[in-house]
Amino acid sequence: MSTPNIHGIIGYTITPFSANGVDLEALGRSIDRLIDSGVHAIAPLGSTGEGAYLSDAEWDQVSEFSIQHVAKRVPTIVSVSDLTTAKAVRRARFSEAHGADVVMVLPASYWKLSEAEILAHYRAIGESIGVPIMLYNNPATSGTDMSVELILRIFNVVDNVTMVKESTGDIQRMHKLQLLGEGQVPFYNGCNPLALEAFAAGAKGWCTAAPNLIPQLNLDLYEAVLANDLGKARELFYRQLPLLDFILKGGLPATIKAGLRATGLEVGDPRLPVFPLSEAARSQLTALLEALR
Amino acid sequence: MSTPNIHGIIGYTITPFSANGVDLEALGRSIDRLIDSGVHAIAPLGSTGEGAYLSDAEWDQVSEFSIQHVAKRVPTIVSVSDLTTAKAVRRARFSEAHGADVVMVLPASYWKLSEAEILAHYRAIGESIGVPIMLYNNPATSGTDMSVELILRIFNVVDNVTMVKESTGDIQRMHKLQLLGEGQVPFYNGCNPLALEAFAAGAKGWCTAAPNLIPQLNLDLYEAVLANDLGKARELFYRQLPLLDFILKGGLPATIKAGLRATGLEVGDPRLPVFPLSEAARSQLTALLEALR
Amino acid sequence: MSTPNIHGIIGYTITPFSANGVDLEALGRSIDRLIDSGVHAIAPLGSTGEGAYLSDAEWDQVSEFSIQHVAKRVPTIVSVSDLTTAKAVRRARFSEAHGADVVMVLPASYWKLSEAEILAHYRAIGESIGVPIMLYNNPATSGTDMSVELILRIFNVVDNVTMVKESTGDIQRMHKLQLLGEGQVPFYNGCNPLALEAFAAGAKGWCTAAPNLIPQLNLDLYEAVLANDLGKARELFYRQLPLLDFILKGGLPATIKAGLRATGLEVGDPRLPVFPLSEAARSQLTALLEALR
Amino acid sequence: MSTPNIHGIIGYTITPFSANGVDLEALGRSIDRLIDSGVHAIAPLGSTGEGAYLSDAEWDQVSEFSIQHVAKRVPTIVSVSDLTTAKAVRRARFSEAHGADVVMVLPASYWKLSEAEILAHYRAIGESIGVPIMLYNNPATSGTDMSVELILRIFNVVDNVTMVKESTGDIQRMHKLQLLGEGQVPFYNGCNPLALEAFAAGAKGWCTAAPNLIPQLNLDLYEAVLANDLGKARELFYRQLPLLDFILKGGLPATIKAGLRATGLEVGDPRLPVFPLSEAARSQLTALLEALR
């Protein structure tokens, strides 16, 4: 198995809705925007993509379309998480069959899972596909917090788990991944307000919805880190931090969809019970975006 | 809207699986067992029923079959929770159409919901049906913790929210429901190891999977409380507590399914990634059950 | 060592301050009030007694005076906790020498203590005195949370640790003490809003500052439990709960001192940085007390 | 009031004990070692200095001696925290009178303090002295967590609160101090394993006990940050991180005292109930130190 070199700014796509369901035309345009802006990879159907809120048919439709529309311009990383192992396996296979370069797996759970159950879940998915898996830890949305020790065990035991995305926001997890993994475990940051420090700690990439709105600032931060220029990275980070904080607090689908609409790309509202951004919040977002121009 | 008098021991059903999917014959037998043992109501498709792990078609099948099999011998309370409001509404309507007496709603979420979003979710469901709603708070599985103040707001604003099930395990929530609700909000306990104290604090019922295994002890505890006999209630509670603790720690579907199998009712295993009980745990369960005979 | 039969309502004393330091005359009157009202034991120098805010000389003065003023009318339980083992030992010996029936020990800490360190702390105190120790768990003030397993280990290993006071407010700790301790570990409740449920779960006593203000209601609740009358206990509990909640939220020394002043016993203010009750809170307290007359 | 330029590596001193109490001779030697190694400031009587475990007389002795022994070679920052405002004021005045350049204040508490109480505490201390105050937030040892908003309010209201030391280990607090404080609030890091990221985020200094053992690595990290060399800073940080983690886990006084002893400076053991390092831990420490030579 050849692992594509996943690094840098990994942009999440939203899932646009129209009255008739998923709006593929708008999805295509949002993907093009991201790629044209320079992101290093595209990640459909994650949290931002409201993957958990789609019907099975919609999920398949978005997965297939996204992969084909990216068309290998950059690598595609499809989130295939599901509550049951059987369905996660099906989604992983489906995505691989349609050309995904990597699949991302969060151990979503209703019942608290034991470490053995989590490991078996990853092993079952790993054995079903030939592409690499980015293991994803995000207890805030999955309800399951994987310790660094467990993550490393899965990394060592399941061949195609070759990358780790950490979204707890706790920088000590990255330190531990680096020390216990002896520098051999590529890790990625999924917590926007930790972007600067995750790069300082050695993260290989930043998975984020922000490039839908401020791609250049995201890319510049990464470039400053590559250039070993801490002062510039710090300055760029603090400049974009108010927007990153706003996105997090407002909810990713609601804020990103409002932001895209503000720039002329109509992508509909999030699915209920999630509300679209209030008018007051939309004004705030506009002000934040204007301050960054 | 007439609210059925929901009280006492409310028994959760498991969802039996065979090689071909849901095993309706076994489901019917497990329901009969519960009713014959004397439970005061039946609650299908809750956590114990692995509702979150079923396909839409399976969910409909289990809902319809359970309601019809109970056949009004006792009230049926169907859990209709779903991530999207649209799907929760559909399930609530479906259950009402097939004869459910009450629907139970947990504000399941992927994204953290605001209070306004939660209220709108309950309102949308409430306006779609004519039967009462049991509002259900269980942050451990839903990811959303509703404050007592929010619960009371929903109770006051949405007409058919007429009962509250509290599963945080924090007895102070029940005190607050009682004080702020001025004794007018019927509350139910969903945390097994809190059974004694919830009744002491005035809970009207206990929603539990335990009657699948030890119905008489559950019913006796309730009777002792009704008889105002604290000493007897305490003695009965401590007697069943080791089993209640075991069920909670082992996971409800895994332990209840293992327990039913041990008593001759084959209901299959939980769906992966949830493991069936290990052999060691099964021996422990057998020992616990025998000690209670 | 003969253990006095500690049970029922165990009343905390405040430490009155005048311009010249501790006001022993007022302290004596507050002790007399408690004993005359019928409490079953007196506990000086606890949290309510601002023990942590006294100089060493003041501490000795209050300990000696309180014990002598109680004069064996009821048992005296002196809190001798201190950050260093040496000083806690000195206080325990001092209190025993002056006639304390029991000493109470919270493992106060600045640094997080290991289980071995906590055990050695209790052992050192235990070996220095001949009176029983009430082990006290209250992570909110001590910073150290002792697991039930550790508590039982200390109980089994240190001869004169013969009672356990649990103030986490988590009723499951009491269940575990009862089950793992096989009913042989007398436990006491130190969390006011848990009074009803702790008694339901089998607590032998309730350590509380409330009898300074509403002794009869506290005693009646205990009597209802002894009389096995759950309904009456529940009714009495909910009646006093708003005041118990108020005391907890307002801070024990501030609210109890304000309450005593309102009933004609001037005991000064708490030591800074703790504020006396605001005027608004004092009105609220007066209203709550009047509603209970 | 002129604020000394506090920056860089701020070294905590331990408090050496001999059979007769504080060992001033050893204290002097440990201070000389720190200054000779190049630290930018000395901080006596903090957590590492077991300030909370000293008698009042010992505290005065250590404060006076430390300040006089440092003798303005670098600034001295004395921790004057105490449970009561009166005693904290006394200590602040005492330290100023003996030549302290800065005092550090943690709002130590037994009872949970309100924001108004915390503010009044800082104001009372501030009004009593003429030297600057470093406000110190460390809920793990103080029991009080000050929000960034409260910290900024105190910073703005109390004139001589001119520096903030943050030890929650949550990097987002520093971001917020930077953004809400508009870059005008000098902040210092007190969490060893956050050293790299705190500097990345703009911390002006690092308060740490580590220079007692590995001063050069601490200083080199700071120099790399000043030189804007992120790669080198990262490499230096990961090199010293295992030792920093060890110190934190083992407890600062125990590990630092064991480390000093290993290098020929006998400073006694921590005060009970805190244990000295076990033999196994001492071997581990020796191995860690040797790996860094």
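Lettered A, B, C and D in written order, each chain numbered from 1.
Just so we're on the same page, a residue touches a chain if its C-beta (ideal position, glycine included) is under 8 Å from a C-beta of that chain, and two chains touch if they have at least 3 such contacts.
For each chain, UniProt lists the protein as follows: A, B, C, D = Dihydrodipicolinate synthase family protein.
Quick caveat: nothing in here was measured; it's all calculated off a predicted structure.
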(message) Using the contact definition given at the top, which chains are in touch with both chain B and chain C?
(response) none
(request) Report the chain whose mean Cα position is at the greatest distance from that of chain A. (result) C
(request) Measure off the straight-line distance from the CA centroid of chain C to the CA centroid of chain D, and report it in whole Å. (result) 35
(request) Report, in whole Å, the distance between the mean C-alpha point of chain B and the mean C-alpha point of chain D. (result) 52
(request) Please work out the Cα centroid separation of chain A and chain D, and write it as a whole number of Å. (result) 39
(request) Check each residue of chain B and list the ones that touch at least two other chains. (result) none
(message) Per the contact definition, I'd like the list of chain D residues that touch chain A in the complex.
(response) 169, 171-172, 175, 178-179, 193-194, 196-197, 200-202, 225, 228-231, 233-234, 238, 241-242
(request) Over in the complex, which chain D residues touch chain C? Could you list them? (result) 47, 52-53, 83-86, 107, 109-114, 116-118, 120-121, 124, 140-141, 143, 251-253, 271-275
